[in-house]
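In what comes next, subunit A is part of two complexes: it sits with subunit B in the first one and with subunit C in the second one.
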Partner chain A sequence: MGREIGVDRTLPSKIRRLVAGGGKRSLHSHLRWAGFFFVLPALIHLIIFKFYPMLQAFRLSFYRYDLMSPPVFTGLENYNLLWQNPLFHQSFWVSVKYMFGVSIPEWFFALALALLLNRRMPGRSVIRLAYFFPIAMSQIVVAMVWKFMYHPYGLVNTILETFGIGRINWLSMEESALPALIAIGIWRGIPLFGVIYLAGLQAIPKEYHEAAIIDGAGVFQRFFYVTIPLLLPTITFVMVLSLLSAVKVFLNPLVMTEGGPNGTTKVLPYFIYETGFAFFRMGEAAAASMVLFVFLFGLTLIQLRLLRRGGVE
Partner chain B sequence: MRRFLMTHLLVGLLTALLVSPAFAQQTRITWWGHSNCSKDLVAEWNKKNPNTPVQYDFFAMTPYFQKLTAALSTRSAADMFTLIDFLLPGFTAKNVLAPIRPEWLGYKDLEDMKKAYIPGALDGYIHKGKLYALPPIASGFSLFINTKHFREAGLDPDKDYPRTWEDVGRIGKKLVKMRGSRMVREGFDFAMHSSTWTMWYFNTTIRQYGGEILDASGKKCLANSEAGVKAMNVRARIAHHYKASDPTVSLGTNALPADDLPKGRVSMFITHAGSVAQFGPKVMKYVKVVPFPQVDPKKPVTPIYGFALAVNPHISEAKQRAVHKVLKHVVNDSKTWYERTSYPHPDKNFLNLPGMEDARKTRYLDVFVKDISNGRFLQRSDKVLELNQAIHRAMERVVLKKEDSKKSLDRACKEIDAALAKK
Partner chain C sequence: MRRKTMLRLGGALITLFALFGVWVMLLPYFWMVSSSIKTGIEVFDLPIKWIPDDIQWVNYPNALAKGAFGVYFYNSFVVAFAVMGGNLVFCTLAGYGLAKFRFPHRELCFRLILSTLMLPLEIVLVPTFLVVRDLGLVNTYGGLIAPLAVDAFGVFLMRQSIRDIPDSLIEAARMDGCSEFGIFWRIILPNCKPALGALALLAFRDNWDQFLWPFIVATTDNLKTFPLGLAQMEGIDSAAYHEIMALAVMGMIPAAFIFLFFQRAFVRGITLTGLKE
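The block that comes next holds the complex of A and B.
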């Protein structure tokens, strides 16, 4: 490769030799090594703090381990225990409900927000900043604030009462606890995905819209035949990213409901935490986290396939 | 030459330091806990015992027990540490606690030691005839009533306070305050914030009806027995039949479980002696403490629990002996513990200690100690947290969804049996 590069004769002889590949190593090979050394710290971090624990968790899922006694190999027993545990099934379905309950509204509301903010209007920057505010807040603060807002005597019920709607015990009733957490997830996710949509919208060349206007296309025709097809890779990205981030929710159920009432908000990450760090069944918790991993991996594969279909490589 | 001199000087200094009596005799003891009172006692100890200084590390309670378990597994725990009684079966099963030696604390043996304590106060820390932790406080539950609310409802707080669960429902109904269809003050409420609190109530009520959560072997759930159903119905009746409480409105949290009482949102609430200090004298002026409600007041059973001090088994015997000296210093200071925490000391003669007369009159010490002496610790099981969660879910189904008690407890027992079957 190095030999193919045109060599500037004004360069010092050592560099000329290097570029031309005359030394032991070509410039290309040097650059390759330099690049490798640049990514090395990140790679080491990934190996130590991500891949190694993941492999350990996978290994642990075949052991019985309570932190205090030595691990005992039990084969697939942990997976079998999970399969027979109705609480695991409940948690899995709670996670699925939460994931779609949060993600689907996010796709539409975030797009609507982005379309609104993409238009020229007074105070656009301030509005953008205000909408981005929920994502900038610490998650624990969000959980605490919403916990008080959802209280029977809290702000949400006070507002509802002015419309004649009776007091709802949001976090204490099975029917309302999960929807209440879903609403927070949506509120927090819209700004992030709105910004991603906005970036996608701003990347669409104005010429397409101008050409469509000249051809007599109306607002809806331009939206459906110009904006949406060109935004498709962004839409796909947002869809999958929102699903992945929703299925990992943990802090809100922990702080606001502790998985209750009657396990209706016990999402899979909370189930894993409780099994591992409250009941000290680390092997079973590792097996549950492997199930979650396979589930997320499946979603990621779907993402890659959809992205390719959307024309994004 | 300069380097030679410096090296020899350093070696000489180090040798002098190592062989000096102060250095050679110093035994540093580490202690993990979650009480500010312990900090003060440690400071006092360190002043008197410079050769065995104690280093006290304070942790918030919930993550503390997780940290402790992880540390015990990796043999990196402190020399002594605080634990809550119901974690003991799990720890003793794994041999991560050293037995407490009564003879090192000045007693002849465990039986002799028991005689110095309120009857049953050490039961929660004994496993297979050995004591594994030493309680500096004794904690039980009693009923706190708001005397202002009683008088408002035309009740005499000194005579009309509830003795039985039926009384709680009947009197609680009179104390309820409504605004339209909305309950703005509960007559009585059970804490809803924690599965452990749920189990304290349920375990006690099932015992009051003559039942138990588990069979004698600890391998089979009995919570769905007749006694269990009756115990669960106690909660259901107070909420649904007497309508004395709205179980969904409590603002109680793990940090402040009894917060609804001083705020006037509930008229009667069951809590521990520590609440006296938490509420403060201003609130306690209109709060009276009465005995824990019973099914049959002639056969009283109350819930008790406690935080106690345990010793790391992985330290040398000489160090364990030194730790026992610290334990003795810490638990013997019953007055300091009481003044700082409001919890009575499990010492049999605690009420007769000098200076307790006033507390007996104004801080309901006699009621607390009486309830403690009728007390029984939570069901012993190394799966206690799973038991608590299953019973808590059963209670939520009964109280919040009005599910049949028997059906709900059958489901809980299925979950408990599955947990107990796991190794």
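The block that comes next holds the complex of A and C.
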């Protein structure tokens, strides 16, 4: 900027360079940094609050640490403790049951909902609004309402009674507590994944269906040969997202059943919380986190691979 | 003519079926509202009276008096709006950078950001707490807000929707001498409003709702959020269903309001994103 006076003389050569493409490079490199700077704040945040903690969790899983005294290196002891702890095994399987118990029905019900809402019908926009409204509800509200719903004299039992089924204390029996929580998870997940599926359905060009109709394809043929293949990316996304969000459940077991009865609803996040922040065994909690992470990671990889293969065929 | 009637009848049947579904999906909320205006004894009366003869508005002030709910609501608003703001700013900037610039390792950056979806707070709970403790933020608003201020899903959402903005618009602005930030402010932001609406709604809902993190990091009453306050009150007075439901209704209102305000943008944002790729 200080060479403003000299600009007149250098201007022609500058223009020449610009035309030749030399200036483009400097413009380009300037833009390169601009792009990176736009991403940088988010990246720094994630490094501080995701990647660094992840590395710390890995490191901590080899130490004994109670927040008070300095950490002591114990090698694989934490993993060994977990492996020998029947409560950890129980929590792991509770989480697995919950994850699949919630996700798999969600995939189908949400798709059914999306197909329904994608149809032409009177009052569609209001009906869509009514279905999507529960997406906005908070978890704590849901937990409180359902705890009340599952009360021995609550609405669930009242409705079941009209069908001749006796009153059940859903949340305090070992056989029914986890299924009761799974039912809430499904009920809660359907609208959100329904919106995502609906978006996917609307992205399918109408011409594809029209062409299929001209070729004489029926409703089911169109569904399996047009809708499903074109919806595959959305299906992948819903599958991964539903599993990831199901494994995070913590609030419902905490406030509705306190992990009981007899640990039958103590999901892994609950186990991790309890080990770390109630028993102050941070190292063991970190080790449990690593197990959960490896499990999630493996599951996501398998899913992506399977679906990618499915997509190619 | 006959075919047309059949079609119309079919449409009406589908509407009826859909309405039945709505009833099933919303039933718990109807019951919640209904119970919140009954007495503690009436809530279990059979047959169910959806609207009681004597509406008990008094449940609402009574329930609020059972804890420092003014403080809890205030804290929830602070956390929800701060995190929503953080997400809107950082995720949109990052989404723009990833969608419209070429720079070395751009794809790597995107993958790294997306991979944090695999690292929910539940998994990094212990070390995140240690980080916040080392930063001296335990039991502060900063500690409540900071770890939540960027969410990879938001970056993904914004990147997808900004990619659909034509490059020619950006090039034209650049030719006119608009600064990079000016382009972001005047071209990008106005053109991704639906996605911003979707992001705002989701961020508000998720963080109005925050339970696990405040549960760990807010140890004193003056920093507790509404979900913590409600869970605590329920733990003490678990039989007062009418009052718990009154609090639940009040806890629902902000999110419901935001939803009605943003729902068009929300649905359109998700639709535009298409979630392809």
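Brief remarks follow.
As a convention for this text, the second predicted complex is superposed on the first by the 279 of 313 C-alpha atoms of A that agree within 3 Å, B and C clash if a C-alpha of one lies under 4 Å from a C-alpha of the other, contacts with A are read in each partner's own complex, and residues count from 1 in each chain.
In this section, a contact is a pair of C-beta atoms (placed from the backbone, for glycine too) under 8 Å apart; a residue touches a chain by one contact, two chains touch by 3 or more.
Given the structure is predicted, the values throughout are model-derived calculations rather than measurements.
Contacts of A:N85 after superposition: subunit B is touched, whereas subunit C is not reached. In the superposed model, A:G260 makes contact with subunit B only, not with subunit C.
By the document's definition of touching, of the two partners only subunit C reaches A:P53; subunit B does not. Subunit A has more of its residues touched by C than by the other of subunit B and subunit C.
In the superposition on chain A, A:H209 makes contact with neither subunit B nor subunit C.
Of the two partner chains, subunit C is the only one touched by A:P122; subunit B is not. In the superposition on chain A, A:R222 makes contact with neither subunit B nor subunit C. Of the two partner chains, subunit B is the only one that A:R167 touches; subunit C does not reach it.
In the superposed model, A:H151 lies in contact with both subunit B and subunit C.
Residues 151, 153, 277 of subunit A lie in contact with subunit B in one complex and with subunit C in the other.
For subunit A in complex with subunit C, the residues that touch the partner chain are 31-39, 41-43, 45-46, 48-54, 56-57, 60, 113, 116-117, 119-123, 127-149, 151, 153, 155, 158, 187, 190-191, 195-196, 198-200, 202-203, 233-234, 237, 244, 247-248, 250-251, 254-255, 268-269, 272-273, 276-277, 282, 285-286, 289, 292-293, 296-297, 300. In the complex of the two chains, the subunit C residues touching subunit A come out as 11-12, 14-15, 17-19, 21-22, 25-29, 31-32, 35, 44, 46, 48, 89-91, 93-94, 96-98, 100-104, 106, 109, 112-113, 116-131, 146-147, 149-150, 152, 155, 180, 184, 201, 205, 208-209, 211-212, 216, 226-227, 230-231, 234-235, 241, 244-245, 247-248, 251-252, 255-256, 258-259, 263, 266-267, 270-271, 273-277. Within the complex formed with subunit A, the subunit B residues making contact are 66, 69-70, 72-73, 90-91, 94, 96, 181-182, 192, 247-249, 251, 383, 385-386, 392-393, 396-397, 400-401, 415, 418-419, 422-423. Residue ranges of subunit A in contact with subunit B, taken from their complex: 64, 66-69, 81, 84-87, 151-153, 166-167, 169, 172-174, 260-263, 277-281.
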